[in-house]
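Below are the structure tokens for one structure; questions will follow.
Lettered A, B, C and D in written order, each chain numbered from 1.
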Amino acid sequence: EAGLSTRSMASKTPVGFIGLGNMGTPMARNLLKNGYPVIATDVFPESCKELSVPVMDTPADVAEKADRIITMLPSSPNVLEVYTGPNGILKKVKKGTLLIDSSTIDPAVSKEMAIAAEKMGAVFMDAPVSGGVGAASMAKLTFMVGGVEEEYHAAQELLTCMGANVVYCGQVGTGQAAKICNNMLLAIGMIGTAETMNLGIRLGLDPKLLAKILNMSSGRCWSSDTYNPVPGVMEGVPSGNNYQGGFGTTLMAKDLGLAQSTATNTKTPIPLGSLAHQIFRVMCSRGYANKDFSSVFQFLREEEGQ
Amino acid sequence: EAGLSTRSMASKTPVGFIGLGNMGTPMARNLLKNGYPVIATDVFPESCKELSVPVMDTPADVAEKADRIITMLPSSPNVLEVYTGPNGILKKVKKGTLLIDSSTIDPAVSKEMAIAAEKMGAVFMDAPVSGGVGAASMAKLTFMVGGVEEEYHAAQELLTCMGANVVYCGQVGTGQAAKICNNMLLAIGMIGTAETMNLGIRLGLDPKLLAKILNMSSGRCWSSDTYNPVPGVMEGVPSGNNYQGGFGTTLMAKDLGLAQSTATNTKTPIPLGSLAHQIFRVMCSRGYANKDFSSVFQFLREEEGQ
Amino acid sequence: EAGLSTRSMASKTPVGFIGLGNMGTPMARNLLKNGYPVIATDVFPESCKELSVPVMDTPADVAEKADRIITMLPSSPNVLEVYTGPNGILKKVKKGTLLIDSSTIDPAVSKEMAIAAEKMGAVFMDAPVSGGVGAASMAKLTFMVGGVEEEYHAAQELLTCMGANVVYCGQVGTGQAAKICNNMLLAIGMIGTAETMNLGIRLGLDPKLLAKILNMSSGRCWSSDTYNPVPGVMEGVPSGNNYQGGFGTTLMAKDLGLAQSTATNTKTPIPLGSLAHQIFRVMCSRGYANKDFSSVFQFLREEEGQ
Amino acid sequence: EAGLSTRSMASKTPVGFIGLGNMGTPMARNLLKNGYPVIATDVFPESCKELSVPVMDTPADVAEKADRIITMLPSSPNVLEVYTGPNGILKKVKKGTLLIDSSTIDPAVSKEMAIAAEKMGAVFMDAPVSGGVGAASMAKLTFMVGGVEEEYHAAQELLTCMGANVVYCGQVGTGQAAKICNNMLLAIGMIGTAETMNLGIRLGLDPKLLAKILNMSSGRCWSSDTYNPVPGVMEGVPSGNNYQGGFGTTLMAKDLGLAQSTATNTKTPIPLGSLAHQIFRVMCSRGYANKDFSSVFQFLREEEGQ
């Protein structure tokens, strides 16, 4: 425990950052801006060039030099490789190291990693984010954090450099759980809003008026009042820009796959969540993979000329 | 048109009210409170006793004496009977009479009634309500109004006595459309919230904390932040009272049946709306008919002892 | 009743046929082949040219001359018009006339027509068909017949000229009910087969082998063993011909709309039937309206190059 | 390869059997009946008492003495433990041993086991079964086998002692794939049949007649013609015995969980399969876990007295 207390900016020990993709790069930059020395690695070394920081060859090399490491990776298999692979963090992790995984993955994998880390005397926390590349650049992400409570403040110190909200959710895996739950309800609300707006329009309602009525009534949700999927109802959202940018359908399908897996594993019925998963999955097959997920409105709407 | 302009409180002509059920009675009482003379009828004459107003035998008799008539009935067949039946309003309706139907019915029936009324020189508007018995008593209902715009002010004069919000939605039938759309999205949001809260709890999250996280994030909806279905998360909602009171599952299933019919008739896909309909329908078969519709949380949750 | 007994070929009274579309024309031709004199009408008079039979101006004119009339129309509103419209059959129907409706419509409309016919002293039976244009040409249709039992033999006499199977289902409307039920289960089986074959292929199974295994096991259904939706598994089915011909997605969506309506009206939960309806409805919006309904395999499958 | 060819009854080397539950015990008994010496183990040693065979302490001990081993276990974690656990088969497996896993598990786990076995010079095949305890007793199971083709005959020699059909499906994992696919389509067909029969009954059709019509038409499936879920339609099926016996809802939910996982992992849309999964999952929560899966008819049907 003594070791843990020495982790701080004052220690001058660098913070390790593994995974410099679209999200990881601006996150690491915000650590630098806050005065933390950073060392990094990525499976694609060229990804590291954008940041002027020492680049290590492997996660194990990062673990040798850092006592706080943040990982930001695409999916569960990458996390398994980076932590427990032949050149993984756990091969050379120092006792007392704080490991923070901001990837969105299956909470069961987070729990596995926590157990494996504990065996090496290190501490693993899951801290997935809500918010996209823009929020990452502006340090406006929301972090949902799971792990042992006594380490939360140490994690918070770093995460507040990269995000506007840091929420402690409970034991390890609950950060992932919160993220997955939010995105499942978001997906349901978005498809529901798209169906509802489409039905209303077909029944003769003006879309702006319908949105206004829903938003002052019990149908109100984030997708209707903040991110409306119908072109022309709202400004500054992907529906006004041919569904460019935003949160891709393929990413939403991935998160719903995680919701599905956790629900299957815990024998929890999620009828609408499952159907939402299937709908976004079909959309990925039909050319909507890289459009914002609000393009479900376009997918459900009758094609022109029919 | 001259006839229409004479419709006003000053005319002393009574306002007719047909349908004195749980909702109609407090609505009619609020008209009386605002100084409007009221005459009434109901298929169950004893329903009229609670109000001290002249009781007519049939809708036709009401139509003979009133030049503004409000109807508040359970479903489409009742509306057809009251307007076009052998003793219906249209048998004796006076030219220029304003007919306001606050029932929640198929907008196609509203359109039919408007055409039939027009043939008799009368004007029909649909004005379904959002809000329950409590809102009806306190004159806090929301009215969604469809019909010719030039008659809207005449309708508004009466409706503001009974409600806090009166919204003009467009041509006849659009009031129903707005009501149906709102309730469909409400149903989807409620089931989605119930699934999500249940999944989160199973994954180890505290329900109050999960609700808080959703409500500050993109999963937020009316069912999560105002009417949470999980006992203990929120006060003053049916989930805290064993799902007594509120909006019965059977009523929600009825409204979703209307959404389904209008969607089928307009060939509009509503995948989540349809599934929500089916879920509430199964719940009605399994003993949840008279519980608040947020009891879907209880329906989806594992039974005790399993 | 005496009047009824005189209805027979010997009477030389012509059989009326209303609705000479793709199905009606070959059906009427098979009546002619069996020696029945036919008179006909259609909203598009040119449709009658293909058959060398006397053409009447309106359904009422047909009713004046025939004592057995068969109707074959696209949907409920057409049936309402042809029977109860201003120039409809019931305007001039003769007492004792047998009216057989082979359209696929809402059984509630069939019941309405039966009541209206009975008031005029005529008998109405519903007798929708299973089988397409090919079966109609070869007199291989299946008729599902609803109506009073004592008239069934009179109906059967005519229907056996046009079909290979005639099944008496019970009271009026049950013919429609049987048709709707069959097509709903067919739709569910087809989508299920398409999903299953697609999943198996993705998991490395040869499609022909998978079909063989299913067909010797409990997964077997008509769509897997007689009308497999995967190109190359089976010969002589639309999947082998780019989903040309067969039973169009738009027709299946129409029948599922009827299933949905009857289920909504009888408060019967049909979760898979509803979802099947929504899937075919989305397909209609995405360019599959005129392909055979087994093209759902193509709709669900990943696009080439993804 | 020489080593492999010596595996045969003549070798007198015993066949190992691991997992003596409801299915495994009669399967092992059928091996004995066919003259194969058997040695066995189970996590519950008392399970082995019913068979008069030598009982080993651990799977590793079985592997030390047998050159053909059959495993029949409840789920993926059990298979992982029995093969790769600290006392697992692979700790002491002999080169050339044939490992046949008849458990129903995720095909990805089967592939993992095959790779691990290969490293030890052994051969792993997946051979899940279709058929219940009765079929196991009467040696009437169907085996779906995946694995290297040259070893298939060696597997077939044993499997034909326990089953009536042995089908070679392709590379390792395809046996599981075939099993999962069949059961998914079975689940969809069963729920579809239950919905359809219920709808038809509500529309006035006699259930026996409706079943007859479906079974001569395109709605036909195994659940309608061989295992009808409506009491009284058919004899000798669980619906005639208050849904006792047969294939439990909880087992079907487990298999659909596997279908869901493989579909999620391969990004394959299975809209009806997913919804079927959710419906059986809700049923498990509502008291139907141990009833035959055809009890979905009872679940969907209106309760008495409503």
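The rule we apply is simple: contacts are C-beta pairs under 8 Å (C-beta built on N, C-alpha and C of every residue); 3 or more make two chains touch, one makes a residue touch a chain.
Computed from a predicted model, the values in this text were never measured in an experiment.
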Quiz prompt | Contact-richer chain pair (by C-beta pairs counted) among A-C and B-C | solution = B-C
Quiz item: Repeat of A-B among A-D, C-D or B-D, where over half of the residue-numbered contact pairs coincide, is which pair?
Solution: C-D
Quiz item: Distance-wise, how many Å sit between the C-alpha centres of chain C and chain D, to the nearest whole number?
Solution: 40
Quiz item: What whole-Å value do you get for the distance between chain B and chain C if each is reduced to the mean of its CA atoms?
Solution: 38
Quiz item: Measuring from the mean C-alpha position of chain A to the mean C-alpha position of chain C, what distance in angstrom results?
Solution: 51
Exercise. Mind pulling the residue numbers of chain A that touch at least two other chains?
Key: 267-271, 275, 279, 282, 284-285, 300, 302
Quiz item: How about chain D: which of its residues touch chain A in the complex?
Solution: 253, 257, 260-261, 264-265, 267-271, 274-275, 277-279, 281-282, 284-285
Quiz prompt | chain B-touching residues of chain D, taken from the complex the two chains share | solution = 275, 282, 284-287, 289, 299-303, 306
Self-check item: chain B to chain A touching residues, read off their complex
Solution: 107, 130, 142, 144, 165, 167, 169-171, 173-174, 177-178, 180-186, 188-189, 191-193, 195-200, 202-206, 209-210, 213-214, 216-224, 226-227, 259, 262-263, 266-273, 275-276, 279, 300, 302
